[in-house]
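Paired with chain B in one complex and with chain C in the other, chain A is shared by the two complexes that follow.
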Partner chain A sequence: MDRLSMTSTSAAHDVSAPILFNGRPAGLWVLRFGRFSLLLDRRAWLASLLLLLATIVLVGLSLGSGTVKIAPFEALAALFNQGETKTIFIVRDLRLTRVLGGGMAGAALGMAGCLLQTLSRNRLANPDTIGIDNAATAFAVASVVAVSTTLAPSAMALTGAITMLSLTFALSGGAGTRGYRFLITGLGLGSICGAATNLMLARAPIDAANTAFPWTVGSLNNRSGVFVNLLAWGVVVMLPLAVIVGKRLNLVRLPDAVAQSLGVRVNRLRFFTIVLAGSLTGLAVAVAGPVGMIGLAAPELGRRLAGPRTVPIVPAALAGACFTMLADLLGRTLFSPTEIPVGIVTALVGGPYLLWFLLRTPRGKQL
Partner chain B sequence: MATTFLSRRMLIGVLAALGLLAIVVLLSLGVGSDNTIGFAQVLAVLQGAGDDQSRMTVLDLRVPRTIIGCFVGVALGAAGALLQSAARNPLAEPGLLGVSAGSATAVVISIALGASLDNLQVWIAIVGALLGCSVALGVARMSGLGDDPIRLVLAGAALSSMLAAVSSVILLTDQRTADEVRFWTIGAIAGRNLSSIQPAIPVLLLGLAVALLLARPLAALALGEKVASGLGQRPKLVRTGVMISVALLVGSATAMAGPIGFVGLVVPIAARAIVGPDIRRALIVAVLLGPSFVLLADVLSRIVARPTETPLGVISALIGAPILVLIVRSQRLPAL
Partner chain C sequence: MSVFPPAALQTQNLVLGYQRTTIIDQLNTEIPHGQVTAIIGPNGCGKSTLLAGLAKLHPAKQGQILLDGRDIARLSPREMAQSLALLPQDGVAPDGMTVADLVRFGRHPHTGLLRQWSKDDQQAVVEAIATADLSSMADRPLTTLSGGQRQRAWIAMALAQATPLLLLDEPTAALDLGHQIEVFELIRQLASEGKTVVMVVHDLASACRYADHLIAMRTGTIIAAGAPKTIVTPELIHQLYGVHCRLIPDPVSGTPIIVGVQRSIEKLEE
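Entry: the complex of A and B
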């Protein structure tokens, strides 16, 4: 009982209506169009702008680095067909797919993580652990080593992600309170896929196993342009949806009964959140493979910057894009010409972060 | 005390577990991935007769395998029962919490640094398990006891996936290690010989002894920390003991068979279903049921894809994951 009352007060504090100063809500910008008005959270918007700036800088750096060095500004200009033909060719035809793939995959994972964490009110819920990426890996590895198919590994990965998403939903029988039932069911099914992947890698001839191995760690090398485009369109379409869902989820941070009385259809919202997060994860995994830690760390950074009042979908997406591009940039340049897959960089950098995250003293704050 | 401890339920539970174990041991000796050597030949060999081929199969392959399976089952069953009781969480399992993953990663690192699976140092696996276990129980402490069973599992999943990625780094860069541990990382009790697991056995027995010593304090701790302190227990000391015991058990099991998940989840739950939630009884029944589960999974691993074998870790995941889903779907967990 004590616990319950504590939770509700802290949640109520987080999303309570802002205090009015001079008739205007503090910390908000108000846009008015005649009868309509829009409240914009000032801190969240500043955070988004800051992260957008960082994203642009990183895009420039990523497009510029490689065997042929191009200045970041020049690379950005070449993106818009300005500059020498050679530079434009290098940037647009050779490097853009990879940078776009990394950025979009990171954005998708960041959004998915933010949605899942808000839904389950748990900072540890993240797209790496709900089995979707295990399934995608298993299918992609199968297409390389076991099953003879004309489908590209990316297509198989997407198939695996969709299969797992529907299977988990069917088996868990809906989201469950706070989406937990879904999370744990996904975890269990994911471990079956993990075992299957290991089995295939062990049984396969060593050459095939080596070819398939990058799919088990997450890499952006030689990813097909078709899937990068698919992912990019998916992110563009789902970003506004996620923002809308995030606004509704903010109310689910209150007790269910309160949220319902405010007009939220809680169960439908849970279902929709999970479908959205699952689709984003699936598309990201189809392009990049199982890149870990992004879905955990990006929403955390987004929350830090954007403050507690909003569900930071856009900051999390931008932070995810930044992290992924940065990790890929480091992996390409640190030990060049040897290239380290992006998933390995995120694991090595993310590992200590995760330990710190798990073992630090909690502040008693809830999502 | 003695009369309540040896209740009828307990007696029935122990006898049933022993009976099951006997049947499963027979199956493990008698069932192969092909039909050439059946129960009749096994009986002949055990009486000292039989032809060379069946002698070799039974004495050099199946008997060691069965013995290793028993040890692994005892270790994982006991570790699961301890962890579930100490974390007060039915989902606390060495595999799900990242204890096995910690141990496996430590082994992979040691092999990359030049060790070999044949002369594997048990203490490396134990140090890894200790790391995973301390993180898991550290998280369990913070989450507020009994408050949120999922938090612990999510923490474990995050830890496991991070550790798996670290292993992947090594396997990707080091071909020799990749060749050596390709099968080991799935978890299997086939193809190990008794001499290579010998160093792990004393460690395992030590861990088991600590576990049995901890049963009484843990039963007191189940009443709540304050009550346990009032009864003269020291909760911190008990938790440290659990950590050490689980690390010894899981570390030695991993050294023997590689990381095998879900044994520590399924077995203690079955044990509690038979003899009730008291850890003193559940631990003993879990120790007896563990080998049955491992050996049964191993027998299945020989027959599901005849004539080839499917590694034990895959079978164990195939059995365990649906049970995990069932547990989560049932109403037993608070707040699910």
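Entry: the complex of A and C
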């Protein structure tokens, strides 16, 4: 009897014991300071770091390119008032507005896309489809066709975006399940605005139509510094809000009933998410016009890099900034001195890129 | 009037429904503490609606639900989430998520913006995963698990929530016999450790075998409630499902089993 129990004990030792779960979250860093603790997703942080590096490189390249070529490092140094006075002038006074406008518009669209896609659990939801950019375009075109000043189109675009956001909310009566009712209402209203834009362009004199054209495709040429600053501040303020909302949205990836029983106020969260995404889109469109594909492609890349555990707000913002700056850089340099508006480049490059991205993804993925 | 031990949940003239339709009408019932309660009844009788109402997913149109004597309409979502966990029927998890990732969600009502992962949270997750017997596969993606293991992972998430009450909507739907028993035995174990469990179950034999208390519903009202052995009769089955049958005791557990189910009474008497 003793021998029997002996052998069974040693046998138990021989079998390689399964590694039991010790509770340490895999792939996450736990930081604790007394009562406070943070849970950081390792992959998302590394992805953000990588994209931040890419952003810095692109800022340097963008600030350096133009009729006067400046090395990227010099351009970055000039940004912090280091270097020759002339270089500092070119970088800070001539080029910064455009690069900042492009980067911030891309970041805003990337975040808005990430928020909307997570909310609707649909990777096709994005700032283009909620009608805000169509409304902004219609308003901007109306202002150009009627009176032509530099400030007016941006202000009108922002007015259009806000009007559209409120109107869509009023008509859809709230977010609806997964925000679908809001998205569909925006789609419908957006197509009305699109038709209005075309009608105005068709009836306007050719010169006015020409001036209004960049507002219909998205361009970063000659943008008002006031609105670029407004956008930049908007992004700085809304980024942390979006990160907090994103943490909550992570729970909405579970079935609604589960999220609700875990204490998430799902309807309120949907409302906040849409207001945030709508405001970001409105500010971006007021600066750059309807730059397509960014809100679709940036979250896709962010998700791919950051992995399945988080809602990749920061990676999507940085990816959006990179895409937009890269597209603008290409548009300015490829056929220089002829300039291609950034929106055309994003559509030309972004379309096939996104197709490839979506087609190689296994079907049935759940966001 | 009050019974001992007091009810974990109590409904008083509860009316539940959507805009103009009423699904549950004037319902009065009690969920006993520390026991397994099964809600049974035909499709569309309001079982799931009642369960969702108890979890405050739908607000009561009239009447109230008392959780340990407190009206749940006055409880914040967080307070609610700390006292009651719900698992709905369709448990689809986002792609790429592991068992531990899913179970961590259960700690949400106990965490905050600057208190994202305390030692208690970690301990609760370890215990929940151990209770659900998933310790050896905690870091495996959910998609690689069997149906029964996946369902236990969802239950582990609800356990990590550390609530005295657990509501389950058809926890064994779409599971084969072996996996059903896995889940039911886990539920019994939880009740023996003091949890109050309420579940919607379709299979009557399982309901009788694994529940201490049955609530039989038809068209939004309760037609019988009590211990399975006392309330389950051929007449009740006929009232619920419109079929005739005989009942025999399970030779092992002694709980009722339905045999010879027929739509007409003549064939049964042949």
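Please note the rule applied: the second predicted complex is superposed on the first by the 329 of 367 C-alpha atoms of A that agree within 3 Å, B and C clash if a C-alpha of one lies under 4 Å from a C-alpha of the other, contacts with A are read in each partner's own complex, and residues count from 1 in each chain.
Just so it is clear, contacts are C-beta pairs under 8 Å (C-beta built on N, C-alpha and C of every residue); 3 or more make two chains touch, one makes a residue touch a chain.
Nothing here was measured: the structure is a model prediction, and the numbers come from that model.
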First, second, both or neither for A:Val141, with chain B first and chain C second: neither
Contact breadth on chain A, by residue count: chain C or chain B: B
Partner chain(s) touched by A:Ala157 [first = chain B, second = chain C, both, neither]: neither
Touching partner for A:Ala286 - first (chain B), second (chain C), both, neither: neither
Which superposed partner A:Ser37 touches (first chain B, second chain C, both, neither): second
Contacts of A:Val264 with chain B and chain C, given as first, second, both or neither: second
First, second, both or neither for A:Met238, with chain B first and chain C second: neither
Chain B and chain C contact sites that coincide on chain A, given as residue numbers: none
Interface residues, chain A side, partner chain C - complex: 18-26, 30, 32, 35-39, 244, 251, 253-255, 257-258, 260-265, 307-309, 365-367
Chain A-touching residues of chain B, taken from the complex the two chains share: 91, 95-96, 135, 138-139, 142, 144, 147-148, 150-151, 153-155, 157-159, 161-166, 168-169, 171-172, 178-179, 182-183, 185-186, 261-262, 310-311, 313-314, 316-318, 320-322, 324-325, 328-329, 335-336
Complex interface listing, chain C residues touching chain A: 52, 55, 57, 77-78, 80-82, 84-88, 90-98, 100-101, 104-106, 108-109, 113-119, 122-123, 125-126, 129-130, 134-136, 138-139, 157, 161
Residue numbers on chain A that touch chain B, as the complex places them: 3, 120, 122, 124-126, 128-129, 171-173, 176-178, 180-181, 183-185, 187-189, 191-192, 194-196, 198-199, 201-202, 206, 209, 213-214, 216-217, 292-293, 296, 341, 343-344, 346-348, 350-351, 354-355, 358-359, 361-362
